[in-house]
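A, B, C, D and E are the chain letters, set down in written order, and residue numbers restart from 1 in every chain.
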């Protein structure tokens, strides 16, 4: 299942956020979106997931999702969005219950996703007992449980410290290498973008427009921390963005 | 990739599933609810399916209110009640804030006073009326004292909660810059506790209004509470409801004023 | 009609002894009524309970509230209960020790002084106001809602004067903090202090039941007057009746203490529940003059004189 | 660099400037405060510098309490009061929580009911006593109704505040997984609002205890409130204070129980 | 003024956090401290600033601070710690008021530090109107206002997005190059450490011990994003830490 944005623009009241975005997300690939603060990346992702409707333009899904897919468009949030009153297990079963999956079938799915995210020992722990990296792995496990056609990730690593971030990036690469998934990955971090993205969409500052799309052909599992060609790309991206970022950072927040 | 391919066959819009869980509240509905309720009461009492013992006719209440206003007594009642309210609440609230801040700052004060406040909170003030007469006399003193006592405990609880909730990292910041203890309290703790104190004041003032009636049980000739009590003892429902309406309006006014103060003083909040 | 269930409202005062004796001695049962008591802390809620139909009959003063409820067509006074009578110890005017020391020894000297009442339109208000009118003086009335609050205020000298039934007046005076300076009966000789009343519905549609109640009640009153005031059975009779009344009044105090108060509180109850319409008319006039109740109310709206003998 | 150089001349310890602003509360101080206050009262009334009109002797209050206990009346009073409290508060709180949740979820309910609650809040329940008799009779009905009415408004306000404060990102998460509206309410909104609802209940129950006295003004023979009222009308300070102490203990017990429930139900909190 | 830790150990109740730390912070240099989550980095920094006292060992300051120094040991916090009810100007004057500096003298200092942090136009703004990067620059300006002998920075950039982080790192390098200051810089981020540190202290996981101290001799202003020798150091540091970090991230939080 592919996703296509065509001519998407959006304003909140008279506050223009996005301007004429057209973009295709092909199946089985990771598309990273980078851009300065407030340029509308999260808003764009909400459109993709159907949580909000753009003022203009269309968000289309092309082709049917696989039949075993419970929730074709599935989010992974920056702040994990775990229910603090449910255990790791309970947080995952939450998204299965509504599809009538309970008992042994649910147990099977939960055991599988916990194993894939290396959390099997923590099924009974409450979120407050988990470190940030573990919390995000629970959120990833929950997303995997519904077998999504597309994963929508809004800065999934930015609440973590950089060491945990490195570890989780490895985990994501491993997950993708074993079973490729489709993902839209919003980030502020160019290192993450060049590590995980098959293509990288660079947005201008608000009102967000697409400035350039950079493609990376090197397979994910061959990308290394400190690869010279990745460094090259990253430097290039940083040049594209530096001025935008500085300008965005010096703007007063509208309240 | 940003270029569009020819549309494939099975393209369809992503279904919308967000929204909701953000109730707004259009003003007119609130007004409409009041209008409907009052009309029902009016109709019921006119047509007789609400007995005059159960509810006064709203139009009669309005009439009573107008008479009260025309006779000049409204102001006589209101002015003494407002004075009692202001003096009593100011006394109770300022003592309450001071005590609350002390509890928030000092271990010994906290250990000594928190259980005491917890024990005082559930004591009904009306039960103590006969004692208030002895302690504070039957003049304004006892009325101020009753209202002050009633506003004191909830203010204390709200204030020390607010002080406890002041971001400790701001206090550590103050210490790391070698600010004096007194500077930290004045410039960090108190402003930081202000939102909690103000929202506590909302509740305290509502309680003060409720206690007005109890306070004016004690030898008050004028005052909205005295007016209501007399109406109650004469079973004069029109005047009873006129008085209750005044208290209700007073409560809404108070809460609006605090809202305004909050908007002004706490404009720094996100 | 035998074993008909009715509810009678009462305060735990000796002035309600007529009902208590009627019940304990089986006079109500003889009249074919199965009486259940409901006890109240104050008169107004009792009147309201009659109006709401929760209580069938009760005894209380003709307060402003009662008149208002009668005006709304909810209650009727059908008889008299307690009344002042010359020669019998009745309600007293009291002053605080401070006022007494300052030389106030008669009601006439109370000019400009403060006078405790429960609420405007209460019997205390009426007694004070009539006395002031008779003496041609001004009083400052202080509404204090509760008898307890008035006692506290009087004991601590924050109000100057008050009037109250003898069984409270005498022990108070005994403490030395308060002094008796006059009798209410001097100013209001045939004052109908309390009345028997019922809902307008009972008065008009349940005439048999009302008559039965009054019959049982009157027998209780007769026994009370005969035993407690006329001492028909001597001291032994008094003690027996005190035992009976003690079940209802001062139940939580030891017998000896309670007996004193009960005997102190003895006042005559109207025989046959006869009511003094002249006194009631005077009270109504006073309410209207004070602007406490609507001027258009006539005594006929308030009372139903068809059940008992009327006096005055 | 981690190796130590020879100590230079002007080495001195970094001065400590942290600490403080974290009052603890050792239990014994609270107990000590009560003991000191009671001893003072005892001493004062014994030696005469506190007049017996002002304060009863604590030991007499204790004696009265023992008599009350011995006579078996304590239980008679307490059991009816507790029943009234439980039924009334359960009624008011459950209706209040339901209404609060509806206000938190639906725009129209919010618009209609919020102003109404704001208008009802400052109405003193004792002013309405005569009406409660007409509306609900003089039996238990009116007592339950009065307590229920008094607990209703604060519970509503606390509940819709709690629902408003449920983390919206959790709700968006639920929607993004296509959970049904009902699932979101049941599994996300209600548990998320629980801490706020429970702390609102703390206040509501304190108010319920306070209203017990007002409720038992209405033709109650037994009950702590009736006991206090009777003591008050006879100016019997020992019994008055014995009754007030019982209410105070009741309040502390209630608050402890809610604390226990919170600890158990909200163990997931940080 | 130098600072020396000698034999510092610490336990909270029976929970051992730091074990036998000895370390010298020489004047005019930036010492970075890296280590896995919960290894006691923040605790160590609190000891340095006198906000907490270690169970054992000594924290010494050697030599007198410069005479114009108002607050020798000055913090910059991760969460900025700005008073939300004071303007940018008010937040800076807060730390001057207690030293009796008001009026024109305060104005002079404030104008100077705002200019150095490029905030001159925002003196009247409230914190809520500022972006994260600006907030941290205000915190830096506030620290500069008291002319500290040593700056103690606890993950000052980790609450910011990575673009703003890059910009602020440039700013810090510029500030240091113009007037070198002494700093202890705690971070999770190895890229920050190799960019800003004259030496990098690597700590083991809890109970924290010093595992190794790595020195970098290249001048700060010649270090570039993606320098091969810096990349080399960073890779080496990551190898040192990888296992510790993974173990630390898989531990249940003690509550």
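By definition in this document, a residue touches a chain if its C-beta (ideal position, glycine included) is under 8 Å from a C-beta of that chain, and two chains touch if they have at least 3 such contacts.
Please read all numbers here as calculations on a predicted model, not as lab measurements.
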{"item": "Given chain D and chain E, the chains that contact each of them", "value": "A, B"}
{"item": "Inter-chain pair with the most contacting C-beta pairs", "value": "B-D"}
{"item": "Separation of chain B from chain E, taking each centre as the mean of its C-alpha atoms, in whole Å", "value": "46"}
{"item": "Centroid distance [mean C-alpha coordinates] between chain E and chain A, Å", "value": "31"}
{"item": "Centroid spacing, where centroids are CA-atom means, of chain A and chain B in whole angstrom", "value": "46"}
{"item": "Inter-chain centre distance, chain B versus chain D - centres from mean C-alpha coordinates, in Å", "value": "17"}
{"item": "Residues of chain D whose C-beta touches two or more other chains", "value": "17-18, 53, 129-130, 134, 172, 175-176, 178, 229, 232, 235, 270"}
{"item": "Of all residues in chain A, the ones touching two or more other chains", "value": "49, 51, 73, 128, 255"}
{"item": "Multi-chain contact sites of chain C, meaning residues that touch two or more partners", "value": "44, 48, 51-52, 65, 146, 148-149, 151-152, 155-156"}
{"item": "Full enumeration of touching chain pairs", "value": "A-B, A-D, A-E, B-C, B-D, B-E, C-D, D-E"}
{"item": "Residue numbers on chain D that touch chain E, as the complex places them", "value": "1-5, 7-8, 10-19, 270"}
{"item": "Sites on chain A touched by chain B in the complex", "value": "2-4, 6, 22-24, 26, 31, 46-53, 58-64, 73, 199, 201, 210, 213, 215, 255"}
{"item": "List of chain A residues in touch with chain D within their complex", "value": "49, 51, 71, 73-75, 77, 79, 81, 83-86, 94-95, 97-98, 126-128, 146, 152"}
{"item": "Chain B contact footprint on chain C (complex, rising order)", "value": "44, 47-48, 51-52, 63-65, 67-69, 72, 74, 116, 118-122, 141-146, 148-149, 151-153, 155-156, 158-159, 292-293"}
{"item": "Chain D to chain A touching residues, read off their complex", "value": "169-170, 172-173, 175-180, 183, 187-188, 191-192, 194, 266, 268-270"}
